[in-house]
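Two complexes, one shared chain (chain A), two partners (chain B, chain C).
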Partner chain A sequence: MSTKTTDYPALPEQLVDELESLSKERKLTADEKKKAYALLAETYDKAKISPGEAIGIITAESFGEPGTQMTLNVFHFAGVSEMSVTAGLPRLIEIFDATKAPKTPQIEVYLEAKYKKNPNAIKKIAVSLKETKLEEVVKGFSINASKMRIEARLDHAKLKTFGIKGNMILANRIKVRGVFVNQTKTLIAIKPKVKTTLGELYHLKEKIKLAFVHGVKNITHVLPLKKGDEYIILTAGSNLKDILQVDGVDTMRTRSNDLYQTAKVYGIEAARQVIMEEAEKVIQNQGLDVDVRHIMLLADVMTAKGAVKGITRFGITGEKASVLARASFETPLKHLVTASLTGEIDPLNSVIENVMMNQPIPLGTGLPDLVVRMDKKKAKK
Partner chain B sequence: MTDVFMNEKFIGTVENADQFIQSIIEKRREGKFPSTLNLNLDQKQDAIFMQTTKGRAVRPLIIVENGKSKLTDAHITKLKNDEITFDELVTEGVVEYLDALEEEMSLIALDENDLTPEHTHLEISPLTILGVISSLVPYANYGSSSRMIRGSKLQKQGLGLYRSNFLLRMDTDVSVLHYSQKPLVNTFMHKILDFDKNPGGQNVVVAIMSYEGYNMQDAIILNRGSIDRGFGRSTYFRPYEAEELRYSGGLIDNIKTPDKESKGYRTEQEYRHLEKDGIAYTGAKLGEEDVIIGKTSPPRFLGEMGDFSITASIRRESSVALKHGELGIVDMTIITENEEGNRLVQVRVRDTRIVEVGDKFASRHGQKGVAGLIVPPEDMPITVSGVTPDLIFSPHSLPSRMTMSHLIEVIAGKTAALTGEYVDGTTFDAQPEHELREMLHGMGFRDNGTETMYNGQTGERYQAKIFIGNMYYLKLKHMVANKMHARASGRIQLLTRQPIEGRGKGGGLRLGEMEKDCFVAHGASLLLKERFDSDKTTVHVCEKCGMLGVVDTFRNKKFCPTCGNNVDITAVEVSYAFKLLLDELKSLGVYPRLGLESKY
Partner chain C sequence: MKKKQPVKIETVKHVLVPKHLKLTEEEKGEILKTYNVSSVQLPKILKNDPAIKGLKAIPGDVIKIFRKSKTAKHAPFYREVI
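Our next item is the complex of A and B:
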């Protein structure tokens, strides 16, 4: 390492690097550079949060107050080229509660360089992403009572629009248990392995209709869009794992708004980024202004344990160290009883317990304590 | 085939629904059917519903045929000369009454000029789109609708002569405005309602300007001179009542001044207003918690009246006293009997309320505000002709709310005051603004209502011309005297030892969860502790078992109920609520153990 880190050990490397490159660009003299460093160090120091600052409460208030002004509309349509997306307070709650099944999961599929400016190629990929069910590619279903089987007549025109080649064997794709599937050029025949009644066959037919044949599961809609100078595909429904395996998809840029899928596929750091971006999006949409650092704090807290945890009694709030703090949040009886069964000890280190007991809270003016170093020898006398 | 229902009962079917309806309506207009018969064709259900029942709201409309109103100029002149009545128009088939259902198949024009051949009816006047109370807002067509709705709502809260026999009534929580005036700017509805006979406000001179910042955020400035001359003065009435209840065993409450032996006897001072019958005399000036009606009740439990008990004759005091924080003069007393035959005493207490800072006022345009400052008349701004405003209204209340009607009322009121003639401000049908301006101009005033004014404190001329004129202002029923509340110490709850709730009981104002969060966010740790120490207690903790021990200060002994005498007992200061939590946990079978640690 060069002199830069030793001069200002408190500055993070990234800032130092940036300043170095800037000073080279602007051709600063050594004196000017020194001044710039001093200014940077001072600004950086000012931006730091003092010890004992109640950042958690301030973050909560910073979200809570604008939250009261948010419109409660769940969906937002702006023209045909938009998809319905949960917006406003409901979406914010979804993000911060880390809901397992968000109402409108969505993926922005970016494409590799060779496809991204070719509208025809995009359309092809888009079609191949959409989940196609058997009923969408056949002319109709019928029950052949004499052979005790279900027959589906293929619609070749539809197959073509979905990008399924005629010779592709759909039979192998129909994954329904306990049936034999045979395919001729125009017909798919489904016969149960065991003898069944006609009634059961009818139920089977209803099930077969929804059999997945093509595309990516859970992707209910696809929408090619122009973003900047390239085309992207917006999907309703999220299945990040499978979408990334499709040819032509840019695995580096494609993103989902589903926190759990992002965490699973891209890792926890990506999930943190998604939390921040999604929360920011809601706040921007509502025309509100919440400092990013509050969002960052929340995202950090939610992902710090290596898995996405919502701010609920099942997530991080339920993992608070203090029994009293947990009990004061939700389901007090449950926490008190389990604490008594396991013999928990509450060190009373946090805010709410001390408010309950009318003790000074360990924050702000209540944080510093007088430390007396007793002379051990004298004390013994 | 269309089903026909008469008053919700099926009576038959008709072949041609339209023809049927047409013939019914024609006969009604000819007077062969009652004018209150209404019908409606429900196309979805293919059914005709006819109604003659009572309780439907119906309204009159002028009949239109082929795009022409049936009401001619001849009718109008006859009406004006009292040659025909409105009811004759109905029998003549010029006007008919429609109910909500029949309106569904009508096309009603608002104005005669809008008529097309498709129209079936014409409104008698465009202002029938307004209701009784919203018609009381003058020049409402110049304001935004939401403000006009608010304006009509505020009029309901305005003080006035709420009932002309108010002196004989025992209403709860009512006020009567002194010196109420007829509005200078009125509407047709004021005439219909006889508003002149029981008005609900006063005409004041309003200047639209700021004054020392005391009229920020909708506050208003009042002239002390106006208040001294009676502006906004009102009398507040509140009845108190006592009933001689009967109890089992032939026991009965007794309305009289309680004996000194009575359980719960107050001080003699508090009974000083009572006369022989135990009721405060009319005209008695009562202070807070003074007794109005003296009453005693028999002992609560019959067991208390044992054979040898000397307490047998001791009765409980249960007098009715003035509420905490209230005062007044005994106005009227009624002694009567209620439905159960018990003796009932009702005493009405009156209190004259002179305007004070915090009382609520409003114009008729949804512009409400609280008195922010009362200024001596000599300090009020003054016009060239020597007029000082009674009230100063903030200009910032206007742009975002767009109540232009408020401004037009100022001009109209000014014209009315100067000419000595009332101005008609009926919505859609008012005296036009330009006429008012011309009249103002003719009398030597600026036509836009502004005047040169001088600062009352310094005598300097204001650079801006001030918009000043007369308006009708309402004193609203919300008065600070009934609302203000503060306490330093007082009653506490038995269970939690925290202050009790409610103004009437002299309770505390809760510093809630979110307010607490603000203290935390500021890091004001010790201030927070101090704010919450209303229930602090000292508990003595046994260092051995962690439960609460006992300190006997008389014998100077410390011991723990479980561990005995030979243990360390340490005093700790905690909130009583926390001690209660520990007790409740123990009652659940949970052993909450306190581990103590030296603070230093």
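Our next item is the complex of A and C:
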């Protein structure tokens, strides 16, 4: 006799599955199994959070305490071919504040089946991902004063290592305003469109040096490494949208640790997943343990509006309905002044504003209201 | 490398993206009834969210999301399109 999930609609699938496998292991009789289910259902019911419980506060505490034990700084190791990743508390703050520019954005580039087991192909793709600037593929720059132009001598050996073919026209790639770019086999000449002084030419040279010629923008480092039985490429810098356009990149598994980019490319649900995974990663790396349910709650709150919102006064805290609640968090004056200028009404529906007013808060035992239908005659007496 | 046309990415198939489904009006009503909420109270999803591109959803629709959960294995979730 097999029990289906539908027999116990109140129990989560996970628990039913676990009990099933356990009962098989212990060879329970049908009667024993029935008892076990009854017990499980009862225990599950007791373990449920009661209505009106302040789960947000519990989540805050559950993150706050381990937060005190976390690394406060990122350590860099010179000369080690490993990428530095923000860890510990700073990273956790980055995730929950949904920082627009995280300190160490990263992409895990997975590769398509035909490349993923071939280390040489991986290296080739890896270099083609890295953002390459003009100064990295030339022997040197010089200013030709008689022709009033900048000359860059191409380094064909370097071009080859970056996977740029010699005959490829770099000239079209250089996107600097107001210049003519000419390329011969060994030389790139850059001439300003308008007449300039030597000094301006000098400034232009510095600008030209950093002109983007190859790869994917914002990817500053690439590191091919083995993960399981396949090779992946880890990048420092994140540009999910462009990296997915590169040949050989598996668009089904490649992921970024940048919340906004993920939300933009893969949608809000993927962003929620990334928030959860990133937060879990931080907590695990620190050797701590926070229940996933807390992380799930936070991720849900952060993505509830359809876009990633951090837990800051610019994010979800700033969108609270109550003026007093907002004022109690950060920049109270700003909120109170704008609220009084616009004539905002605070219905005192939530917790913090009622605490301020010295009233019962709608939480726990303060939540239920009593509705009494008074008999009119009795009421008159 | 020639300048090529951007390849369309099938975001829907990504490992991070759970299945999204647009509910019919009836299903929507049922869901709102079982949870005793109005659709305004549901979490939101933008109408141009990459994950619901193929569903032709318009604001007001409710999207069912088949999430995988660590604690419950499967956890359906609902979002209103805005």
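Methods note: the second predicted complex is superposed on the first by the 318 of 381 C-alpha atoms of A that agree within 3 Å, B and C clash if a C-alpha of one lies under 4 Å from a C-alpha of the other, contacts with A are read in each partner's own complex, and residues count from 1 in each chain.
Heads up, the rule we're going with is that contacts are C-beta pairs under 8 Å (C-beta built on N, C-alpha and C of every residue); 3 or more make two chains touch, one makes a residue touch a chain.
What you are looking at is a predicted structure, and each value in this text was computed from that prediction instead of being measured.
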Which partner does A:V355 reach: the first (chain B), the second (chain C), both, or neither? first
Taking the superposition as given, does A:A304 touch the first partner, chain B, the second, chain C, both, or neither? second
Quick check on the superposed pair: does A:L244 touch chain B, chain C, both, or neither? Answer first, second, both or neither. second
I'd like to know which partner A:D17 touches here: chain B for first, chain C for second, both or neither. second
Under the stated touch criterion, which partner chain does A:S340 make contact with: chain B (first), chain C (second), both, or neither? first
Look at A:L187 in the shared chain and tell me whether it touches chain B only, chain C only, both, or neither; answer first, second, both or neither. neither
Just checking: does A:A60 make contact with chain B only, chain C only, both, or neither of them? Give me first, second, both or neither. first
In the superposed arrangement, what residues of chain A touch both chain B and chain C? none
Per the touch rule, the chain B residues reaching chain A in their complex are 516-518, 520-526, 528-529, 532-533, 535-536, 573-575, 577-578, 581, 585, 588, 590-592, 595, 600
Considering only the defined contacts, which chain C positions touch chain A in the complex? 1, 4, 6-7, 9-11, 13-18, 20, 43-46, 49-52, 65, 67, 69-74, 79, 82
Looking at the complex, which residues from chain A come into contact with chain C? 12-14, 17, 168, 244-245, 251-253, 255, 262, 264-270, 273-274, 292-293, 296, 300, 303-307
Flag every residue of chain A that touches chain B in the complex, lowest number first. 52-54, 57-58, 60-61, 336-337, 340, 345, 351, 355-367, 370, 372
